[in-house]
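Supplied in structure tokens, the structure appears directly below.
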Amino acid sequence: MPTQSSKILETFANPHWQRDYTIHIRIPEFTCLCPKTGQPDFATLFLDYVPDKLCLELKALKNYIWSYRNEGTFHETVTNQILTDLVQACPPRFMRLRAEFNVRGGIYTTIVVEHQAPGWIPPMPVHLPS
Amino acid sequence: MPTQSSKILETFANPHWQRDYTIHIRIPEFTCLCPKTGQPDFATLFLDYVPDKLCLELKALKNYIWSYRNEGTFHETVTNQILTDLVQACPPRFMRLRAEFNVRGGIYTTIVVEHQAPGWIPPMPVHLPS
Amino acid sequence: MPTQSSKILETFANPHWQRDYTIHIRIPEFTCLCPKTGQPDFATLFLDYVPDKLCLELKALKNYIWSYRNEGTFHETVTNQILTDLVQACPPRFMRLRAEFNVRGGIYTTIVVEHQAPGWIPPMPVHLPS
Amino acid sequence: MPTQSSKILETFANPHWQRDYTIHIRIPEFTCLCPKTGQPDFATLFLDYVPDKLCLELKALKNYIWSYRNEGTFHETVTNQILTDLVQACPPRFMRLRAEFNVRGGIYTTIVVEHQAPGWIPPMPVHLPS
Amino acid sequence: MPTQSSKILETFANPHWQRDYTIHIRIPEFTCLCPKTGQPDFATLFLDYVPDKLCLELKALKNYIWSYRNEGTFHETVTNQILTDLVQACPPRFMRLRAEFNVRGGIYTTIVVEHQAPGWIPPMPVHLPS
Amino acid sequence: MPTQSSKILETFANPHWQRDYTIHIRIPEFTCLCPKTGQPDFATLFLDYVPDKLCLELKALKNYIWSYRNEGTFHETVTNQILTDLVQACPPRFMRLRAEFNVRGGIYTTIVVEHQAPGWIPPMPVHLPS
Amino acid sequence: MPTQSSKILETFANPHWQRDYTIHIRIPEFTCLCPKTGQPDFATLFLDYVPDKLCLELKALKNYIWSYRNEGTFHETVTNQILTDLVQACPPRFMRLRAEFNVRGGIYTTIVVEHQAPGWIPPMPVHLPS
Amino acid sequence: MPTQSSKILETFANPHWQRDYTIHIRIPEFTCLCPKTGQPDFATLFLDYVPDKLCLELKALKNYIWSYRNEGTFHETVTNQILTDLVQACPPRFMRLRAEFNVRGGIYTTIVVEHQAPGWIPPMPVHLPS
Amino acid sequence: MPTQSSKILETFANPHWQRDYTIHIRIPEFTCLCPKTGQPDFATLFLDYVPDKLCLELKALKNYIWSYRNEGTFHETVTNQILTDLVQACPPRFMRLRAEFNVRGGIYTTIVVEHQAPGWIPPMPVHLPS
Amino acid sequence: MPTQSSKILETFANPHWQRDYTIHIRIPEFTCLCPKTGQPDFATLFLDYVPDKLCLELKALKNYIWSYRNEGTFHETVTNQILTDLVQACPPRFMRLRAEFNVRGGIYTTIVVEHQAPGWIPPMPVHLPS
């Protein structure tokens, strides 16, 4: 039986919750509909997060992304909405979502939204010479 | 009122039908569904043709491409089907369709299909030194 | 009826004004005239901003950019002028405009101008290891 | 006094008319108007030719290209028209024009048109190993 | 239950057997063992074929490729062997296999093998100007 | 006699332990098995460290990496595990491991984990103009 | 009458002197002579500055750059000399010159020199997430 | 004592004159003057030839190329002139010169000229699958 | 005991001598000495061949390439010499050697040499649409 | 008479010692021997420094680099040794050496070492918007 698009996100226990570490995810296959014209919009999503107690399960994440396929929504709204949903599902220490939309009318648009858990302090970055 | 996805292709009279010349079209926003799993498939389409009496109208072409958004179809089938439809709409002297699908299971697949009008002889290519 | 070039910028309410988030816009199709020679100049514009209460509407932005097509103006002047107009239209928390002009006389020129709202404090950037 | 856009092409005597040799020209700054919507279109032109008795003068060519800036014309029409004009100005042994238009509606279009002088035989290309 | 590596290739009926058309497949995840040292070897496989009555099923192909994971075999041998197996599974009109191995000892090696069905005549390629 | 995959890491005395300096290592040939499906996973590993008294011996490191070839393990787990093992083998002043996994289900995943020795202070980076 | 190479730099009034903004200039056509061998040296110059009351006029800048064509001078000397001349001509708030010389004897050399006006404080950079 | 620019080309005996083989030379440092404006022009030269009894000596070739540094000459003229000089110096079986000039007025120009010795038949190219 | 540089090439029996197939080898680590100045020269070698009864053993090939490390030899001579040696060691149906030397004096040189066995007819290349 | 490899580094007086400025040098032609196997190792060196009273003379630097051609030495050792020698020759305000070694056994290694003169304070970097 085929899998289905779904708004339900799933998680699993972070196997190394003692450490701050980073998970980077790239999803080039996001598509939704323009609420004004009804035509398809396409974007690549970049998700970066520092997990706390939970990690996002990738197969459910894929189905969640798929659930926007036939929804009409603006660029700014959908990017903020996805971040809000992901933060609620696996309350992370930090999360950033970048949505890089395909060109429309000769204009390229990208939206970047972030969430930081109250009280969480980002690690001082270590810059090794390179 | 929003435009709609549509199977209807439109054409206009080739303004320079006396000459063999070439129209190259790239469409990075093709998506359909996998007939086995129901999940979305994504591809970039490359269409090259030598028009005869008619040229393809781009806005209708976009709506035609859009009409596959919620259809389940295999890679080999849909590529052949699109070529067949385009050839019927604007019987060209020559047409080639290349569908470059996104990776699935670690495998990248591309399908290339061609049509040549009976009696049409391809021009001898002129290779200038470069 | 065709749309028209226009100096009028339009806006819409920022759907997530509670958050500082970023909108990146790239416009590769800017052209104006050189005020000395009357010849066309070409540039790519990069606009980055943190919206406050209002976001820029993209279709009106496109028509605004188009309005420079037959105006004579210097690189430094036009880049500053566009920033000033955009800031006035949607007073943002922060805005940066980068204008990358095409080569002239073997020289490539790029102008970068910024605006920061009084009292707005840029977020401390979070640098995740990558 | 500023130079002006102009439909007049100028030529000079080919300094080496005894030989078949090739001139490649790339013009990234072509712009005209869409005859349906009145909005600007942008393209890069690639011109390759084998001169006969005359060569195209580049400054006049630039002004000629500039003359389309405020004309409404379709992709297929303008590409064929430019080739026809250039062929008439400097009747060449061979000429090819490629017009690579910017993306519109998620679709990238390129038109390629050629002219070959009657009786001129393209040189057998010499392929050196590389 | 997990899938398994397997030497069994599966096929399905070519939906457009009347036409010569081309299927390109890229598999960046091939690995086997060096028969001399027992150490892992890695390669990217490029498979191009013109199907006849049968097409290769991709999931079974993936499992077949996987079956070499713990086999010791030389570059020249394994490339020829895979081609032979694929040809036997879906006797194609034409098939080419390119195996691009990772660098060893400062040397990069690539093997290319082809099969052409007796009596099949490759189509005259149509070179459109570009 | 062939070498073997092995969990044993080897080290040698850091020849310049007086200085903080950096060793960057890239390993494009990591592969393990997915614990859910049993199928192969592939990744490129990027290891950066500041050695203390010991440096990692590369041949043993290669055999250690090789030892995961037939183990089933999740992305987050294996990346943390490798870092832990390497830190134990050559207790470094600082170490970062980045595991860039191949695409699965249209999603690209990368995990980044760091270790910093207690009391070690990263050098103030010197940024020369460039 | 042809223009001439010249040591005279020209300036014009900065149209937006109230703001700190940035002008980036790239000049790929710098050439001078090696004072030891007399042979030509080639470099690409990258000039970045924050204007104060004056901006550099580009045509005079081009002629100034051209004036080095037949001068013998070392890499370190000429880069410092050009910066000194440009700073004197249009005393800027900040200026950086990078000279990227072509390979000689298998070695690639780049020189970077900066000037900062006394009392001028560089703006705190605003790093938007991207 | 410094070397000097020079019109004198030098040659040496082809060590393998029995074979047709190919020498490819790229010279990114060609510069001359525009005969109309006196301003510098820049180009990259690509020279490919099949030597007969003589090969071109590279140091003398460099000095020959250098000799155009202060000469005023058109693109078409200088490319043909250099080919003629090189052919006279080392009469080759085949020679091709490609001069890729830097952009001027938004237009990029490249000239390609060839010479083939009477009676010399180009080798049938061997195309190995790749 | 360390391996040694060596002029001795080794071979093994071609496991698929019935077929014409292609072996591509890239060796980025070739170095010899300039016979005039004694200074090091560096090149990347590209070797393509169709084996007959024998294939080249890679480890011995590496040692053979290494044997030129302290020899003084001209570009044209050494490229022809290596081809001659390799042809003698494993008489192939076809072999091509390309030596791409590092820039010297601003000039990039590449030599390409081929050998074809008497009586061997290159396969008609099959060009699949792509 | 040919030049020779040499351990002797030469310097010249820094023509602008009053300023902190930066010299970047890239040397793609470093080679030494592996002390274990005797086989050649290859690397690209990146040297960045802020000169004090002395600058490194490039021809002597090239001969110094050349002197490692037949020495056996480990990656970590040779990188530290070269930095130490260069620092001693021209005591700089700051120096960084990056040695990027060619792949061995599927592993890419890079070593980065720095020296900072006691009491020298790195300049606060000026980040212009770009």
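In order of appearance the chains are A, B, C, D, E, F, G, H, I and J, and numbering begins at 1 in each one.
Criterion: a contact is a pair of C-beta atoms (placed from the backbone, for glycine too) under 8 Å apart; a residue touches a chain by one contact, two chains touch by 3 or more.
It should be emphasised that the depicted structure is a prediction, and the values quoted were computed from it without experimental measurement.
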| item | value |
| --- | --- |
| Starting at chain B, fewest touch steps before arriving at chain E | 1 |
| Interface numbering overlap (same over half, different under half) for chain G and chain H | same |
| Chain centre separation in whole Å, for chain I relative to chain C (CA means) | 55 |
| Intercentroid distance (Cα basis), chain J paired with chain E, Å | 46 |
| Computed distance of Cα centres, chain I from chain B, in Å | 44 |
| Shared interface positions of chain D, touching two or more other chains | 22, 24, 28-29, 42, 96, 102, 104, 106, 110, 112, 114, 126, 128-130 |
| Complete list of chain pairs which touch one another | A-B, A-C, A-D, A-F, A-G, A-J, B-D, B-E, B-F, B-H, B-I, C-D, C-F, C-G, C-H, C-J, D-E, D-H, D-I, E-F, E-H, E-I, E-J, F-G, F-J, G-H, G-I, G-J, H-I, I-J |
| In the complex, chain C residues that touch chain F | 128-130 |
| Partner chain A, residues of chain B touching it in the complex | 2-4, 28-29, 31, 36-40, 42, 66, 69-70, 102 |
| Contact set on chain F toward chain C in their complex | 96, 98, 110, 112, 114 |
| For the chain H and chain I complex, residues of the former touching the latter | 14-16, 19, 21-29, 55, 58-59, 61-62, 123-124, 126-130 |
| Of all residues in chain J, those that touch chain F in their complex | 22, 24, 48, 50, 74, 76-77, 79-80, 94, 96, 104-114, 116, 122, 125-126 |
